């Protein structure tokens, strides 16, 4: 809650900071804001509280995911340095939008009432629509923005209709009330409830970019400026999946049997489409987009398993995934800017020209692929364990096979970097970004060597 | 405060609005039809061209216009909705008391901040 | 609703409608007369005594003109534009209470077409729709002047609508209701021992000032008639219109003036109430009828005021207009709301 | 205003349900079949409004104001969405002089 | 603590090496590997030869899941640790002639890999085992991929995907087993040993685990990555792969397959044995037809590993002990063979058998060491190969006489292709590429002499090593036969 208020105020303040002559001051200010917000979030740790007549509550679940999101933003921002240098006239606005989106995200992870969920989703989505189009002169960015907007608001409508039906069926927006009503009445005989649940499910599936409503992801990711793409694929996705999990556990935990087959089907489909789609890409950015789809699938395994392990697994995986993805996108931004292309070929010989970038990228890719020594491995291990405890062997077999497919496309980057000849010059990276990249690697390896530090937080 | 409004509304209570609507529509249709019927009709290519002070008209009139107008429209949508939120508050102002006032002050504060931002941003600067 | 009541309502509606049209018609005449008076001329004096038949002659002339649609205009929208403008103008008078209650045969009859408890919102809703009439007409013409005029009109209208809404909110703080009838009735109470003088203008002078300025802008009257300023835009949004299309636009403007005057009179100037209305000891029905007369007197005054201003003040420049709307009126109206709210709370606290 | 719910309740709940579902479906079909961004956008708004209607109906039938409060939020959010949406459409229009989404094919689906 | 030191030292040294530029990297890496050798020997000296696990380290790793970072050394582990710490310095030394690009990365990766290998050999917890299993894979991927020969990208990628694919199944099996353990679950080795699972479960678990190990060894028909990878990788990489990494698969099967799912093993042992024997014959026959020396050794390796696998799955004392000792011998021999091939290649610029001849004439030292190692490989009595293969064949024979007979062909066939190679390469007429062939340098001798010593040590006094592993193997057999 404190973080919501703080970030809102900071967002507004930041808009006014933007009126200063020099844009250089923006980045430190925003980083400071985020650090303060992160600190404030941590104060709520182990101190569950609820606000606004229980419409919003902070518990360790929400604090954990809030921390992941704020931290991710903190890590993403340094890569936007080139925008600062370019004296982008709307930079303050974009930063503020990121902060506002973060507010929306925090609402999405700490809601107790569907109203807050809806408002959170919208605050986040609307900010992201603009962010997607922030490269105003670039037709690709325009298109991404438009697609995201049309699709996003369309699915918002679907979520809303679902919420309305749920309200009609249960008479409540509070998760606890819905849960009570859902268990009281036999869901199989209540078409209103089932329909509502299905529609909400569809909408949220879209928001996290899971199949079969994933089709916007590659396009939007490709068109959006890279730094913001990394925000989308980490913060937005984290918020979405956490909200999804909370919805399913707090409101529909009692009717698990009703939605379980659907969610499993979505998970499997997402895994297949994400991974196989990624294989076919030649553009690194699109590959990362598909990889984000596939990771949505892995994250959804937590939903299908749905036991006391899965929450922790979800948090761990989100963090590991976010860190690796930020590193990947951060490097992609530098490489893309310097070599004028987002394709794999742009990475050729990076190991020779920029050993540090190549090394960080390698660690990020290994983490995304789930190879040990990185956080991604334990993320996958925990998720799979949670599902296996539930006895879902077939799901895990699919997931394991798809992880193997994942290795194929993640390693293409590594191969390009180390085993092909260099085509470009050394790429200059500013110190702040270098520092960030190193911290990302340290964090990833830390998660991969002593996972115990992060694995039992909730 | 004495209330003279009827105690209960039924859909039929809104019938007068329909009557008024029908009356107004009738008047409009009547006048348009009558003028259509009794007015003269002489066609000519020059007359049917768009009027541009007698100069030959060029291009499509529906060309993009200054972005400022769009900004005004967008701002309106936002502010108007905020204003709508004030109506229920205003009506129940006395019931809500000081708390309501303080909340609304915060709301207004945010609104004004946004407003101030928009002005500083130069959205309302017309050359 | 019983049939008899419905009939009475129907009667009132048609009466109001008729009066609206009549007043609007004669407003054109009045306008020219006022203009003439201010400019020291005679004004229309040929048709009928004192030129009183002039509006009718104008109307007949408009009917007989060629109904002209430009070649590359959108035909349907071109006709829909003025129709919509007129339609919305005529609809908005429905909720205005033109008087108190007449008691006939023990049955109380309200001199109001329709009572809805959200009357003010109704008026605003309908008035806001009026923008569509102008916008559609201007766009459908496919003429650069028309389009520019229409866009100016639209942005002007919406800009001032904000300040107007805000000023109304301050009023609502005082009244606590959205019903026009209730608001009118409240103003019949005593102030300083004088009945029928509890007018809102005494509580909301600033609000009224804002409201009237906005009303000028909403009706596209001088000094806010930029959408049709002939020096820049020929005829503005109705450049391409002729015959009744043109007629309806002009007509709608006068209807709007009438409605705006009526709303101002009702909201701020006591409506049908007049000082000492209950102290004179007159029978109820007489008071009611007197009240209606008084209301119309107030309305006429405002209509006159509209014309007075038109022939007195020069037109704004567009940037001045926007600055006035956004940078002065809106902050002022918000301030007004806050001060009003604070004052009411203070009063409740102290007394 | 306590009586409005009673007015609403004179019509069976199912009618509201059918009506708003119909509106919603029209919106969906519009989104899926039309090719003009503005029309798609309007169809989305139609969907939102059908939800508003449904929520109001449910709210009245349950004598629970929460549903209507939700409607308020939907309206506010929809306004923000309109603002952003229009801005995006204008941005695109100024770049490509069209609002037909078929023009937007630089990114493959 | 000693175990932790043994595991972590190479990783620390790797970080150190990364900081050094140029040729210094190799020297520091070599020094570090020698230190590691000392540590290994120190462990050997302090090792009490009985069945218990020693130098135990047991720290909570993922506390809430009951997963411990548990490592320790018993007889089986010790042999593997010794093999690793013995071979790595030699491998580093063997690269002296090569001028690799970015040497610091190269040597750091080798040391880093050593950490992974030692972790695998000492892990006493399934997840720790899996962790190091994959950790060992990453460096070798980069070594082969970055410094390899032509086609390295495709080949190493195939190798990586293959192995990871297999090991993911192993992971799934481990997670499953983890959840079968009672109470607050545990993934420790002993906990797995105590599990009693029904035959059906064990049956599929067997395949899940077996695929991972079979790919690593590799057992026919999972071997297809191997010849290409061996051929393409740089000499040091090939030595690491064949000398040590291959043993990971055998060791894994010994530790995590046989005792965990004994019913599954007994159910499928026949199939595996048949596969292994097919591998023996197949590898040998293909080897005979090879023209490329490196490929020839690669296929011979398949053949030899097939025998070890066969011995393993006989589940008797001889088989297991034979496997243990043969792992050592094979490590020593194959590293030596590859090194000699590397020497020949670096002097002549080719590995074609047909292109060479007459090398013996000016290289007495090389010829002798080559011959010794070669004879070790073909299991001549008194050499190390003989001890291992004898025990293994005995084990297989005990299991099934026919199988033993067919498996015995390995010695004959091995002699055919090995001696044929030796004869064509070393004898005959000199030609222009072997004209200026010089004998071993000091560095090369330093590598080859210890290997030759080991060939005879194991061959003449195998009990030095057999006694180390004997109690542990017997204990393991008890667990299997439970």
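Note that the chains are named A, B, C, D and E in the order they appear, and that numbering of residues resets to 1 at the start of each chain.
Operating definition for what follows: a residue touches a chain if its C-beta (ideal position, glycine included) is under 8 Å from a C-beta of that chain, and two chains touch if they have at least 3 such contacts.
Keep in mind that this is a model prediction, so the values were computed, not measured.
*Asks:* Could you run down the chains that neighbour chain C and chain E together?
*Replies:* none
*Asks:* What chain is the most remote from chain C, judged by the mean position of CA atoms in each chain?
*Replies:* With centres defined by C-alpha atoms, farthest from chain C sits E.
*Asks:* Of all chain pairs, which one counts the most C-beta contacts?
*Replies:* Among the chain pairs, B-C has the highest number of C-beta contacts.
*Asks:* Greatest Cα-centroid separation from chain B: which chain?
*Replies:* If we average the C-alpha coordinates per chain, E ends up farthest from chain B.
*Asks:* Which one chain sits nearest the middle, judging by mean Cα positions?
*Replies:* Given all protein C-alpha atoms shown, the central chain works out to be A.
*Asks:* What's the distance between the Cα centroids of chain B and chain D, rounded to whole Å?
*Replies:* Measuring from centre to centre gives 19 Å for this pair.
*Asks:* Take the average of all CA coordinates in chain A, do the same for chain E, and state the distance between these two points in whole angstrom.
*Replies:* Those two chain centres are 42 Å apart.
*Asks:* Averaging only over C-alpha atoms, locate the centres of chain A and chain B and give their separation in whole Å.
*Replies:* 40
*Asks:* Report the inter-centroid distance (CA atoms only) between chain A and chain D in whole Å.
*Replies:* 27
*Asks:* Which chain D residues touch at least two other chains?
*Replies:* 80, 87
*Asks:* Going by the touch rule set out above, which residues of chain C reach two or more other chains?
*Replies:* Residues 117 of chain C each touch two or more of the other chains.
*Asks:* Of all the residues in chain A, which ones touch at least 2 other chains?
*Replies:* none
*Asks:* Determine which chains touch and list them pairwise.
*Replies:* Chains touch in the following pairs: A-B, A-D, A-E, B-C, B-D.
*Asks:* Please output the residues of chain C touching chain B within their complex, sorted ascending.
*Replies:* Touching chain B: residues 1, 6, 9-10, 13-14, 17, 21, 62-72, 79, 82-83, 86-87, 90-91, 94, 110, 113-117, 121, 139, 141-148, 151, 154-155, 158-159, 161-162, 165-166, 169-170, 172-173, 176-179, 181-182, 185-186, 234, 239-240, 243-245, 247-248, 318-319, 322-323, 326-327, 330-331, 334, 337-338, 341-342, 344-345, 348 of chain C.
*Asks:* Residues of chain E touching chain A in their complex?
*Replies:* Result: residues 60-65, 127, 130-135, 137-138, 142, 145-146, 152-153, 157, 160-161, 164-165, 168-169, 171-172, 175-176, 178-179 of chain E touch chain A.
*Asks:* In their complex, what parts of chain A are in touch with chain E?
*Replies:* Per the touch definition, chain A meets chain E at residues 309, 312, 351, 366, 371-373, 377-378, 381-382, 384-385, 388-389, 393, 396-397, 400-401, 403-404, 407-408, 411, 415, 418-420, 450-452, 455-456.
*Asks:* Going by the contact rule at the top, pick out the chain D residues touching chain A in the complex.
*Replies:* Contacts found on chain D: 17, 20, 24, 27-28, 31, 37, 40-41, 44, 47-48, 50-51, 54-55, 58-59, 62, 64, 66-67, 69-70, 73-74, 77, 80-81, 84-85, 87-89, 91-92, 95-96, 101, 104, 106-109.
*Asks:* Quick check: in the complex, which residue numbers of chain D touch chain B?
*Replies:* 3-4, 6-7, 10, 72, 75-76, 79-80, 82-83, 86-87, 90, 93-94, 97
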